[in-house]
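In the two complexes below, subunit A is the common chain; its partner is subunit B in one and subunit C in the other.
Entry: the complex of A and B
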């Protein structure tokens, strides 16, 4: 069963674009990345999925049910919003207990474990906390009831690198215990490290949905050449070449396709230097981005 | 239950302040009774004021030199304050979650929006009941302290029953506005504007009887204080209509909050 199922989901804010015809399935146990630049519609998609805003058309369900018709389905949901705001006058522990009180189970032990892992002082007042520490409260708050579905909206903003690492460890642990994770971000390297599959969203539309492994290993190569004489664009005018940048005797591009084909092309040149590397997701993403744009 | 308790806690400080102010309001009002009832030149001057002036001050046709007349006059200000409290409270219960951006925290919990509203309504109800009872007891106590004529405890009880209904109307109006408006942050000021508007209407119809039809727009005029002073009690039909209005506002609150996109 798909844990998240989004079908033809469209959300318009008056005349402004929200998201257009988004289709997604997230299967049980996977870590799913949701990538796009700011304002692409990531948060809109999540908020529609969680029942905060109504879809204009289409449907979005978690565990097969809509959050509007079956609010109780959210008992297995842990959500970390991109910006964390809480009732300012509360102490951290009171806020966490209040949050736990909605789930009808004793979360005290888990709260303490998580707070310790994230190095969070439970006795402080929330408005005395720094942005990063508020984020930690959000993380503990999202995980304290050991949800089966974890939705993270730009989760690492404000966390220092050490905490980011701790956080990713926590998420991996939850995933190994069986939790499904939906992870939205504009930082590609963090998605690259964590996710099984990834969807790219741009200007409200999903432009690509693929396994990370397919994206990274099988198809794409970043090739840099240095030749003795000038390189012409025409020499590499074949399918799968993109982001072609040439400067006198050097050329750089992303290649997707059969490696033999490109090697034969390259072999025709008199080379000084050659490197073939795995591109990072950012370059692959930019490749989609520019092609579509 | 957890939302209800949380709501009570977050309103606790405001409730204490309002309660103290209501007590002080009644106290300062009653302390002037001696002047009004002394029968000297001051009270004579008051009775000789033209009707329009008396109406503007809120005395209308009450005989303010008697305790029941004076209390009716004072009560029109008490009810105004209680109504403002109720309107702000009603709009606040919904609007503050969006103002403080805590909606995202609350609504992703496994509870329906209906449950959220119900819990908050009950908590708000507790608040207005407390304000009502505090003011009622202050009035009982202070009226007894100043009263030299006949006991008016029965009338005071009826006065505060009407105040409770007015509180309910403005509480549900405030909640309705914050559930209905796309920008609920403004609902508090809109609710109080409507309230003051209806208060002005009440003043206008006090001055010009031929505009009495406008009273339908002013909950402050739904109950005739003259009837209460004269011991005629309340008009059942009007009580039912007023409660019906509360029901309509409340039902609309549920309906629109369910339908609205929440601001996050």
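Entry: the complex of A and C
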């Protein structure tokens, strides 16, 4: 059974687009990345999954159950929103204890561990915390009951690079202990390092769902050429070439396909320079983007 | 239970302040009473010079204004106004608070159902209303016994004060139902003040007119007329029932609407 199952999920806000026919499965123990630009429908998908927003049609379940009909499935859920807000006049420790009281188990030990790892002062009032420190409260709050499913909605905003690293370490540890992680972001490098699989969402629709390893496999190459004479677009008019940019004697493009085919093409040119590199996800993403758009 | 206690704690401060304000208001007016009794005729004459509609609006009835219960019924119209504002405020804010303070993403992803959240919040609110009324009535009884010189009908006195609770329950329920229709409520006070004062004005206008039975349904302030309570020592059943229906329907509908509501991300 998949931990997260989203089937034909559509949400419309009046006439405005929300998300259209989203299908996703996240398996047990996986770290799943959910990538898209702002306003693509990442948060809408997540909020429907959490039971904050009702779907127009289709279904979204965690552990096989909808959060609306079975709110108790959220016992195994830890959620970190992109922006965290808590009851301002509470102390951090009181908020965390209040949060823990919903899970009917003793979380004191875990709270202290996490607070120490994140370097968070438990005695302060939430009101007096900086944005980054509030975010830390959010992280501790999301993890203190050792959930089996962790949902993160653009989690790293407001954290300094050191804390980000610490945070990813924590998430990885939880994952190694068996937690499934669902992770939305618009920063690709972040996802690249962490995730097993990744889904791209654009304008409310899933445009691609792939293993990170597949995405980065050798079939994607970033090729830059410098020739003695001018390069024409027609010379590279074959399947798998995209993002073709030419400027007098130099050309740059992304290639997906059999390497031999492209090498034969390149061999026909009188070259001054050639580089073939692994593209990062960003470029692959942009490649999907332009193609689909 | 944890949510109930949490809400109770967060309401504690404002409830204490409101209780003190209402008690202080009553104390202020009651302190005038001994002086007024000494010169009862002069006072009656003074009030008699007011136009009849103004007297009706302020709930002044010349025939018993100098008795403690009659005098108190005048004060009570201000006290019930305060009580109505307090409970309406509570009703508007208690559910919308999570969206306003943007803590909905915290509470609503906990493993509890929305009806359970609504129930805890309503129970906590009702607790504070009851607490306010009980403390107020206890202190008030002491104060009245201090300033009163003659004897007075304690049952009538109790019945008048009990309508404060009824009124508060109605305004609490009205506040609740108003709040669930807003996707994001920015500020509470303008709405609750506006609605309560609006009803108060309507109520005052109704009492200056013929005070028709049907017209009185339009303002909760006119459901329980102190004049009637003083005369008959009971409530008018039709208004009592209407009040109860308003409370029950508004609370049930709020719960249903809130459960189906989409909770949008903070922006």
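Simple rule for what comes next: the second predicted complex is superposed on the first by the 292 of 293 C-alpha atoms of A that agree within 3 Å, B and C clash if a C-alpha of one lies under 4 Å from a C-alpha of the other, contacts with A are read in each partner's own complex, and residues count from 1 in each chain.
Here is the rule we go by: a residue touches a chain if its C-beta (ideal position, glycine included) is under 8 Å from a C-beta of that chain, and two chains touch if they have at least 3 such contacts.
Remember, predicted model here, so these are calculated numbers, not experimental data.
In the model built by aligning both structures on subunit A, subunit B clashes with subunit C. By the touch criterion defined above, A:270 lies against neither subunit B nor subunit C after alignment on the C-alpha atoms of chain A.
Legend: residue contacts after superposition of the two complexes on their common chain; A:81 is shown touching both subunit B and subunit C. Contacts of A:234 after superposition: neither subunit B nor subunit C is touched. By the touch criterion defined above, A:47 reaches both subunit B and subunit C. On subunit A, the surface touched by subunit B in one complex and the surface touched by subunit C in the other have residues 47, 50-54, 71-75, 77, 79, 81, 83, 85-89, 98-99, 101-103, 141 in common.
Interface residues of subunit C, counted against subunit A in their complex, comprise 2, 6, 10, 101-106, 108-114, 116, 260, 262-266.
Of all residues in subunit B, those touching subunit A in their complex are 2, 6, 10, 100-105, 107-113, 115, 259, 261-262, 264.
Taken together, the subunit A residues at the contact with subunit B in this complex read 47, 50-54, 71-75, 77, 79, 81, 83, 85-89, 98-99, 101-103, 141.
Contact residues on subunit A toward subunit C in their complex (touch as defined above): 43, 47, 50-54, 67, 71-75, 77, 79, 81-89, 98-99, 101-103, 141.
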